[in-house]
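Data block below; observations after.
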Amino acid sequence: MVSAILLMHCPDQKGLVAAVTDFLYRHSGNILHLDQHVDIQTRTFFMRVEWDLKGFGVDRSDIAELFQVDIAERFGMHWHLHFSDDVPRVALFVSKLSHCLHDVLARWQSGQWQVEIPVVISNHKDMEEVVTRFGLSYYYLPITKKNKVEQERRQLELLKDHQVELVVLARYMQILSADFLAHYPERVINIHHSFLPAFPGARPYHAAQERGVKIIGATSHYVTADLDAGPIIEQDVARVNHRDTVDDMVRKGQDLEKVVLARAIWYHLNRRVLAYGNRTVVFS
Amino acid sequence: MVSAILLMHCPDQKGLVAAVTDFLYRHSGNILHLDQHVDIQTRTFFMRVEWDLKGFGVDRSDIAELFQVDIAERFGMHWHLHFSDDVPRVALFVSKLSHCLHDVLARWQSGQWQVEIPVVISNHKDMEEVVTRFGLSYYYLPITKKNKVEQERRQLELLKDHQVELVVLARYMQILSADFLAHYPERVINIHHSFLPAFPGARPYHAAQERGVKIIGATSHYVTADLDAGPIIEQDVARVNHRDTVDDMVRKGQDLEKVVLARAIWYHLNRRVLAYGNRTVVFS
Amino acid sequence: MVSAILLMHCPDQKGLVAAVTDFLYRHSGNILHLDQHVDIQTRTFFMRVEWDLKGFGVDRSDIAELFQVDIAERFGMHWHLHFSDDVPRVALFVSKLSHCLHDVLARWQSGQWQVEIPVVISNHKDMEEVVTRFGLSYYYLPITKKNKVEQERRQLELLKDHQVELVVLARYMQILSADFLAHYPERVINIHHSFLPAFPGARPYHAAQERGVKIIGATSHYVTADLDAGPIIEQDVARVNHRDTVDDMVRKGQDLEKVVLARAIWYHLNRRVLAYGNRTVVFS
Amino acid sequence: MVSAILLMHCPDQKGLVAAVTDFLYRHSGNILHLDQHVDIQTRTFFMRVEWDLKGFGVDRSDIAELFQVDIAERFGMHWHLHFSDDVPRVALFVSKLSHCLHDVLARWQSGQWQVEIPVVISNHKDMEEVVTRFGLSYYYLPITKKNKVEQERRQLELLKDHQVELVVLARYMQILSADFLAHYPERVINIHHSFLPAFPGARPYHAAQERGVKIIGATSHYVTADLDAGPIIEQDVARVNHRDTVDDMVRKGQDLEKVVLARAIWYHLNRRVLAYGNRTVVFS
């Protein structure tokens, strides 16, 4: 079954759901999933609707234009149209740690995710063997203070050449510049190894151990120019106690990191995330 | 703000969401929340829609009839209409244990729940002092094999006299007969002290300890004639280990029981639960 | 069964466990539980040992002196001796919110905890009826900038008069002075309604909602002069999503708060907590 | 640092901890970790003690004999001695699903676990490419009713030839015979994709969906001749709701399965598990 997915948001007003669902009904659309949300404070309307393309009275290549003219213009909507048979092209950025990388590659290879990974970029050589063994292309772009601007330019070229739509930082230990991020707004997903906003920045497991917390966490978020402060997509936690050394926290935490990152990517790939302000609506 | 809530289900077909939301839009209804779900296997449509009564073009006393004629008949819907200022009347059934009782009474008294508790029924005298101290009426109806039919008749009279719409079994250790339950279909909520379907019946913590599980649970469900087998509304779990005796499991489990029961009641009171077959849709 | 409990800590060295367990063995002590921990960084040894008093060859009134002379002096130990039939005397401090108060009172009344609550102190009158209904004494001591020193003096007198050993702040919304706290080092337990160190201070649920976190938490800790920065005893979390308003977070969070506070109190009452530096060892 | 680990159990009696710790102290052993547990019902004593070999007064090759003569015989102990620099040899059994396999291989390759994997055995060819790409040996041993006895004989030969001490069933979809299991008592670890004892046997996610549970789980246990009934080492759970199809449960469940299996293996490899009756003591 192939389905179409509309993600939309606009100022709230009466008749929004009626207008969209009537649009689908008039063209014989069979709704599979519909989720909506109204943010009371900002009076913003959010909706995700997914319908079966089989029997739909509008050719898939015409849906966007028709929706824009019939509905979106009338309500001042921001919207995106996706199809379930799209195969998103994802770039992975890694450094020296392998756990998130292995996890993403396993999901890709087993077919759990319908994605292509045309490019893996790293500032270290450590993961080259892992990546090439999976038959993927590895680009080694070491970063220094001096060459950072130049290397980011090359990274962007690679992303453009390979038509990448989503960048996943799988424990990539470099800060991307605001210039870089401007090319991929809400399309760079990071995993931070703490329960944000607790312990942003470097060495969060050390900080957690120092503070004596009883629970550690991991946070996946869209990357913005503010370090570890972008819209949170997913978080999860694990118990620790006084017996857990920093090494134990790292071990427990890495299992969180890979699962939390995977969920965030999955939500994004399934067009379930709408970012607004510094928050997200996730239709999980 | 006073809102109206429609809970509905019917065989799935095209145009359902459009019809309902258009009905609201035509009468100037401002949708606050809309959740829908289609069960693919049974092709059943479920929806909960809540809208602001302020500015709505139909008097609240006329909504039911109009919805029935305009929408429900056309689609063969089962539906219920509620208003957010309804004050549900709840009966509590208890035996000897106080933790769920105390928890429910605290939520009632603090105003966390907008309910009335006109009657508390018990087969033991133990909780009488706790209940009367809160200013509530306690009915002591001891149950024996011999008097069970007669006592259930008196229980039903009390429920009827006090116009009770929801019965909460707060660790009530008697099995209600099928006859009794027929008067309150999907309106008797129980808390079972295990992670169902594991450990149904008596002494689940003993059984859990015997089996050596590493996690215990609690399950709140609508009561049906099949013991501990009715539609599950909510579950939660807690970790245990080899150090935990049965007493420790009871202590940890009671904290689960009261919170799980409270969540189930809250979902029910907020008209977020639709039972079908032996399952529930909970628009949480 | 009555048992004795020794809690001890000292610089780590060889032979500590052997010395303590040999002490018990020589006097025919039957060990029920033994937990030890060595903090590698600070090279500190922690131990909790509980043994059956029945058949123990030393009178309970002589154990402390004998242990001090035979063992503790030799290793430079800090230690406390408790007996399982001690009935700790606990003071509750409350303000306007009732959920933690109700929960503590229910545990006390049902006998889940073996404690006495000789005094409940509040800066508001709101909870007086709840408390007196349980037959407990309520002291209304309103706090202003001007009278704070005087009122804390009266609080301390009450605690002293009633031989209180543990103070529980059950959502008490006043900051205790360093002077006050000096009288009860590691004996004042607070519940903070966030996952510390995230969102310290006022209005953490508002801050959590603003930040768009996907999980909220509660933290119980010993109170120190640094606001919300004392040694953490217990934490727990609950999932939230974009649908959750601040009110929803408060509702979900209050269920966390009361359970987390109760666990922390239970650990303390069962002599399972050792605070050191700004952390705790909890032998759970 | 290289450490020695003693795991022991015996009928409980006074002086056990004193005897063992005195043994270590007399030989200048520095205890790193000590955990003990007494099962009250069966009056069984369990202990794990780990100490630094550096400075220990007994040569590592002589410890076992000395401990047996000095301590174990006296108390009728069952015990095992391990060293932290042992490199356990693990066999993986797989079928068609890759998620647990990938996860184990990633932990092995990254060095998170200090193990060797001399042999991977499967009743299908599907995973051969994945395994050989990691440089490991893959043995394809298809199972039919007719050849099962013969194939198990070959499996056992492989395990013996490769000096395997632990067998991990990473979603191996064949039942091992009691004869096979008799060669590896408490040394075959399985992952079952449900929260046991709920939903044993085939297709647990279908059963979970049918029953309408709100939480699914995974269970790792030692395999015994009773299907899905062996001693549980570790369990964990994830929330589901009415929106989750069986496919969604499989996706969420697979993330549980791999993490729960990994934790169980890690506990076993770190000599933290003692099985007794049908339960386990896990010194986590």
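Some points to look at:
To keep things simple, chains are lettered A, B, C and D as they appear, and every chain counts its residues starting from 1.
We take it that a residue touches a chain if its C-beta (ideal position, glycine included) is under 8 Å from a C-beta of that chain, and two chains touch if they have at least 3 such contacts.
No experiment lies behind these values; they were computed from the predicted model shown.
Of all chains, the one whose Cα centroid sits at the greatest distance from that of chain D is B. Set side by side, the interfaces C-D and A-C show unequal numbers of C-beta pairs in contact, with more at A-C.
Inter-chain centre distance (chain A to chain C, centres taken as mean C-alpha positions): 42 Å. Mean C-alpha position of chain C lies 37 Å from that of chain D. Each of the following residues of chain B touches two or more other chains: 33, 243. Touching chain D in their complex are the following residues of chain C: 14-18, 21-22, 24-25, 28-36, 38, 239.
Those residues of chain B that touch chain C in the shared complex are 33, 98-99, 102-103, 105-106, 109-110, 112, 130, 133-134, 243, 251, 254-255, 259, 262, 266. Across the complex, chain D is touched by residues 37, 39-40, 46, 195-199, 211-215, 217, 231-237, 241-243, 245, 277-282, 284 of chain B.
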